[in-house]
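In what follows, chain A forms one complex with chain B and a second complex with chain C.
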Partner chain A sequence: MSPKAPIRKPAKDVEGRLVGLAEHVIECARTNKEPAFHIPVRALSNVEFSKSRRIIELKKAKTERQLLSLSTAKKFMQTMLVGDALSVLQREGLSRSLREIYYRTKHTIEGSNENTFDGQEESDPIIEDLEVTLEALREELHVRAEAAGSLVGPMTIVDDGDTIDCARLGKGGYSVPSIVEPHDVHIKKCTADFVLLIEKGTQWNALNEDKFWKRFNCVLLTGNGQPPRGVRRFARRMHDEYKLPVYVLVDNDPWGYYIYSVIKQGSINLAFESMRMAIPDAKFIGLSSRDPQSHGLPRNVGIKLNDKDIARARELKGYPWFQKKEWQLEIDFMLKSGLKYELDSLANKDFRYLTTDYLPKKLKDKDWLD
Partner chain B sequence: MRVTAEQLATQQREISVAEFFTKNRHLLGFDNPRKALLTTVKEAVDNSLDACEEAGILPSIRVKIEVVAGRDGATLPPAQADRFIITVTDNGPGIVKEQVPRIFAKLLYGSKFHRLRQSRGQQGIGISAAGMYGQLTTGKPVRVISRTSPGRAAHSFAIQINTQKNEPVVLEDNKIEDWEHPQGTQVSIELEGRYQRGRASVEEYLELTAVANPHIELFYETPEGNLIHHKRGVEVLPRPPKEIKPHPYGIEFGMFLKMLQDTKAKLLGVFLSSDFSRVSANAAGEICKEAKLSANARPRDVVGAAAEKLFSCLQNAKLMAPPTDCLSPIGEEAILAGLYKQIRGEFYTAVTRSPQVYRGNPFIIEVGLAFGNDPKLKKEEPEEPAAPLAEGESADGEDDVQLARLMRYANRVPLLYQQSACCTFQSVVETAWKLYGMSQSRGAMPQGPLVVFVHMASSWVPFTSESKEAIADYDAIRKEIKLGIQEAGRRLGKYIRKREHAKDEWKRRNIFALYIGEVAEACGRLKKGSISVDRLKKQLLQMAEERTGGEETDRILRKQREEEERREHTIVVTPSGAEGAIPKLLATEAPPADGAAPAMTTEPGAPDAAPAVQASLFPDVAPESKAKRKNKKAARAPGAVESRTSRLTKSQPTLFGKDAEQIKKEKPKSNKKPGRGK
Partner chain C sequence: MSPKAPIRKPAKDVEGRLVGLAEHVIECARTNKEPAFHIPVRALSNVEFSKSRRIIELKKAKTERQLLSLSTAKKFMQTMLVGDALSVLQREGLSRSLREIYYRTKHTIEGSNENTFDGQEESDPIIEDLEVTLEALREELHVRAEAAGSLVGPMTIVDDGDTIDCARLGKGGYSVPSIVEPHDVHIKKCTADFVLLIEKGTQWNALNEDKFWKRFNCVLLTGNGQPPRGVRRFARRMHDEYKLPVYVLVDNDPWGYYIYSVIKQGSINLAFESMRMAIPDAKFIGLSSRDPQSHGLPRNVGIKLNDKDIARARELKGYPWFQKKEWQLEIDFMLKSGLKYELDSLANKDFRYLTTDYLPKKLKDKDWLD
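Let's turn to the complex of A and B:
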């Protein structure tokens, strides 16, 4: 049995940490030192794959954000504004979206016609910066992302006081919110045998319509592409709390591989969140580059790898968490064939091929990659 | 039924030149009514300018376009009218009475075709074709008044062309004793046309002419009744170009045969050395020897295979490139003067390249750049309240991309049509403007408030067609244009970089002040008002001042400005005034002379309310005081232009060292034939 995924303690006194930003500036002004924040670098160069814990972790490198430097002055000012807005959320017990925080902090700087923020793409990274710097999670900062996940299966949850039977939600399923901590979403009962996490909403729909989860007693979960934090965290909770194995079903292309690896080990950008989101025991059930052959998919439903795909595949091959022999072979096989396949292409065999043949066979043969 | 040769013969007859052009008017630029109007003005103005310059007179030209009333007596607004009278008056040498009919009503008659010399017109078709077009569309004759000196009477003519015989028919011939002008020529043509403003309009043509010919004065009476006045920028006539003999490398075999027959030389050796440039008596002897012909043979006797052999020997002989002192470039000062007086900008520069040769023809490329918006204009605009920018809006407020404007010239004549087919356009587009601080999309003109001026002066400009709208694409020409643009571009780049640097410094010091306010206030809110925001702000500002220079930066900036080197042939306009090589004539006045163009637009500007310069020729314009004129004459820089031209002659020797083989191989890139030989 592999070591258990580590559990993180919740952050305390988030508001105090935010006010700490102001105290730093005031102290620097008093002692005539240049105000500067030290923000952990969120890049490949500053993450490492922990072999013992099997997750991607942040290293120690930090970047200095100074008030009195031409290149970082604006970001410093923006950090203070976002910190101020987040402290309001804490004080008033509200949670708001990234976009609302952008609007809240946007105004014209007095004495000029320059905006504090020109677009949301400027404020989002500042929030992530504060998450890492203050070691507080997005939920703990009371910031919500969009709910972009769906779930269906034999389980009952209590969300905001409402008891929801996820087996009786029709074609739409339960919409997974972005904050799914036990305090917000309580899993009351779960009788499923495993979790199937599907990349594409369309395939999730098909599986739900075919009542795949009933026949195989599982939870169907999708994040519509790269799964958002809520979906990842919820899968992790089912894995932790009910010991459910998690199987990942993605398109056969480099981006599919990466989605799987983010679920399993965590992402580079949010490496500081790996501890509570990564599922090191998750398995890659498909689509594997060998599947088209073993399932008799004709070559003409493949799509030629473009230059970007090839570059990305080579990049993946170099990541430390893809160094297992079977993964190197898997990626090589794709590069050699020069083709990628969508999950949807299984429809070429039969509309129900995924539910009646492909997945049952995979599960029966335990045909997956770790 | 088959037709016999005899029957065919009855239908075969000579076609007169005039008849041919009646049916092929597009060849001469009369494709449509709009273009016809412009071409007529252009031909008349070009003729006037050539005549004035040849006679050593500073040209003063008046162009008038009037709407002709319809049969019912009603006059349509200019934009809807289809019949106009164009009248062009000059202060030139006039034309002797006997020549007037032939010049204005006989195609292919003139002084320019047989001479290899840089001039605006080349073939002697222009003005008579315009007259014929008028006659064709309205049935009205060309009216001409000419006076050769104040002592003589003026003559007024009404002339038509006999299109069958290509001969003039004089309908009226009157003496006018009291013509208002002491000397000059006036031509009036009534024609069917279409009047339009904007691109490729008469207005634009005259504006462009004024830019490249700052020594002329132009009055334009528009059909709306406005008067546009382009003032003179320099009081120095361009150096008259010299006539040259053809260079052997630029001659074709048929032409060579004709020269053999027509020459006045009695001996073959003398023919070669006297009828061609760069063939010495020695070289002529060697060429004859090579062709196995006697240098004493009669040129007329050299025919057939012998002529062919001689021609190829002549082509293979190592000869010097043709002389280039026959060219008369505009000159850097004059280009600067032209751009400065017509275009409002903040930076001007001009480059005159040294002469080069294509296919045996010498040429000179000149490039000018005008950049930016007049800082004075900016200042006058009311300060807009700083409206906060919404998402997706750009800080400049200018969302549409403004492309640079290209002004093309051949022998001082603006080219208005077929820009993309022109060698100058290709060269501008192929230049990497990003190196000079401009942005540019692939295969397009650079973006921004920029005017690119390109002039080619040559004894024979290779046009892509007879209507003379685009310069053919020869490697040698394109290379020269690019080199010229690069030289001017480097100066522009230097200026732009300097400007950006100053901006950065300013920004650097303001940025902290702006952001510190925000930071201090955020701190105050985070601390729930328990601290003094003002004190925090003051502390931080003081820190910023200490760390980022403050007075130190001021000192460095001032020093830089003092050290700024004097630029050659550039003008920089700042809100406090213009610096650099400002033309003397314009130095005392504000650069945007009334009637001159506003910044960078094709709109030639507001009508001139009170034209103020030199008006002896045109009584309806307020005459200038004599004292002021004298002052101007005194103020002009004598020899400014002359000294530049003399520099050109000095640069010859390097040119002559050029390998003859290389010159010969140049062929146009496009498969279109250049204008020559048609």
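Let's turn to the complex of A and C:
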């Protein structure tokens, strides 16, 4: 399969947009207008599930942030400070974490006891505001999260000038960075047939050790829990650029369903990112709530659903993207059984059961949910 | 620097020791003796800080585990089950997680409603018992933890037959596996001058992006928080085999001091591992409680010590391995200032301050604590 040309706005565009925001405020001041700008609303009320695109999207509502208003003046100032720090990252070609940006922009305002920011919980939303206002992904703003993913498979990438053969990285694998835009990580070659995105690092370890990816010619990817942005974005890029199907393997519990749904259509909180992160064609390969029975797992390796699990499962049943009949049955089956199962519980059959039985059968039978 | 020959018992020895335990029990039964074996006591009472070796060690006390005793019969049975599962891992050359071993050994005892194990909190201590009884590290028993570390630097390793140049892995780096015994990961070549072991992944990212390791010819290693066993063991191996000094960079808070102390002399809970994991020559390169002042960090980027911090700092002051005058002053200074500081707060000076100012000055002045 041949790669699609990556679509990406060059870095200077983002800097231009940041500077543009400042210039707009200066222009207001110069022409005696009240300095103000508009920011898209990031709230459940302004989010919708697009049936045609099959992702969660931001709608069009905007709010005004004014300098000369008691309720928005502080946020106005904070937006300017964060914008300034982000433009430094662009100019110097650096990337830094949310926490470092918080510390960089924190100071006591001269002649007062007021801090510009009292905690990171004040600066994080400002960065999200700027993402949606400037239509720039967090990664394009050079803001990092923790890197928490590993990858192996038949794939060659170029990262920071280094050519890395991901089929030759032993049991460790490639540590997936937080920022994997095409400008940062180029996928030079990929001969895999599919991507297996695994919730837990322990299963990734087992599958890598058993060389599952060699036998089934796939890329093994994990984010050690809820996959971080870098892992999601990388899976999306393999899907886009090399047309690889993405199969998601999670625990059989409401949180596993949720992880799958975020990979597939994005999250409510960060709806703006869906268009660059979500993979509407991703498939749920397991654990399904019917698997324990069909694979002869004893009930005593299941874990009783607690009240939170039950409430969460019912909530998921109501989401527009879980309305397919198969999904309603899947969730109902869990609720009826009263049990959830971890991937690790397959070890009850045999230490290699996941590698030699469970996954081969699933793939052969195309036994997944969409 | 040339490597020391790695000291390691071959894998069949570990299998032999596991089988030996079973044979001992069979022999007891055959000769009409009560089946029992001795297990070293893993408790504070049986731990001491060795001043000469400068590590926390297990003392000699042992406890007897009998089959025909109401208080130890269940644990006796559990020890046999876990020993059996561990011998499968040896025979098949597999490694698996604590959780998978729990699931593998769980079943309902025939003709009863009793489970062999009710939770992982019952199987984990049994694995630790077997570690100390058989004098085999958890890694030698093929038991994995999550992999949670990243590494870059001038170093070539062989992992599972793949030769990996850790100086050519871009911004991502090598994902450090949980098991890095010489048999699993061979350090083929290392031309670094020292190891910098960094608490937080975000700082590791920044230092890697700024190519700090190229300018200062070092290995950058992080465990994303409290370093997991694989990261500690790998640092120890670089220290042993290539005589590299290890500098530890942590937040300036009691938890940072504690992370440093575990890297340096091991932990009370797992004293048995110290001899293979601890690095008594490791140095604390910062953040020191004097750094904020000497580097002109404003007090408002400090965080007020809470009651737990203060109690923990006082507790650390009492530990035998913190009795040096410099350490007492270091901890007192934090308590007096009433503030703790995160590494990230150095960004308040400048986004590159850690790379261009803080660390170069520390290294030049040899400004560390021992």
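We adopt the following convention: the second predicted complex is superposed on the first by the 319 of 370 C-alpha atoms of A that agree within 3 Å, B and C clash if a C-alpha of one lies under 4 Å from a C-alpha of the other, contacts with A are read in each partner's own complex, and residues count from 1 in each chain.
By our rule, contacts are C-beta pairs under 8 Å (C-beta built on N, C-alpha and C of every residue); 3 or more make two chains touch, one makes a residue touch a chain.
Keep in mind that what you see is a predicted model, and the values were worked out from it rather than measured.
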item	value
First (chain B), second (chain C), both or neither touched by A:E48	neither
Most chain A residues touched (candidates chain B, chain C)	C
Which superposed partner A:D370 touches (first chain B, second chain C, both, neither)	neither
Touched partner set for A:L70, first chain B, second chain C, both or neither	first
First, second, both or neither for A:E241, with chain B first and chain C second	neither
First (chain B), second (chain C), both or neither touched by A:D13	neither
Touched partner set for A:N115, first chain B, second chain C, both or neither	both
First (chain B), second (chain C), both or neither touched by A:R30	first
Shared chain A surface residues [contacts with chain B and with chain C]	107-108, 115
Contact set on chain A toward chain B in their complex	18-19, 21-23, 25-26, 29-30, 32, 34-35, 67-68, 70, 73-74, 76-77, 80-81, 83-84, 87, 107-116, 118-119
Residues on chain C engaged by chain A in the complex (per definition of touch)	88-89, 92, 94-97, 99-104, 106-108, 115, 144, 146-148, 150, 157-164, 168-179, 184-185, 201-202, 205-206, 209-210, 224, 298, 300-301, 342, 344-348, 351-352
Residue ranges of chain B touching chain A (in the complex, touch as defined)	386-389, 391, 395, 508, 510-520, 522-527, 531, 536, 539-540, 543-544, 547-548
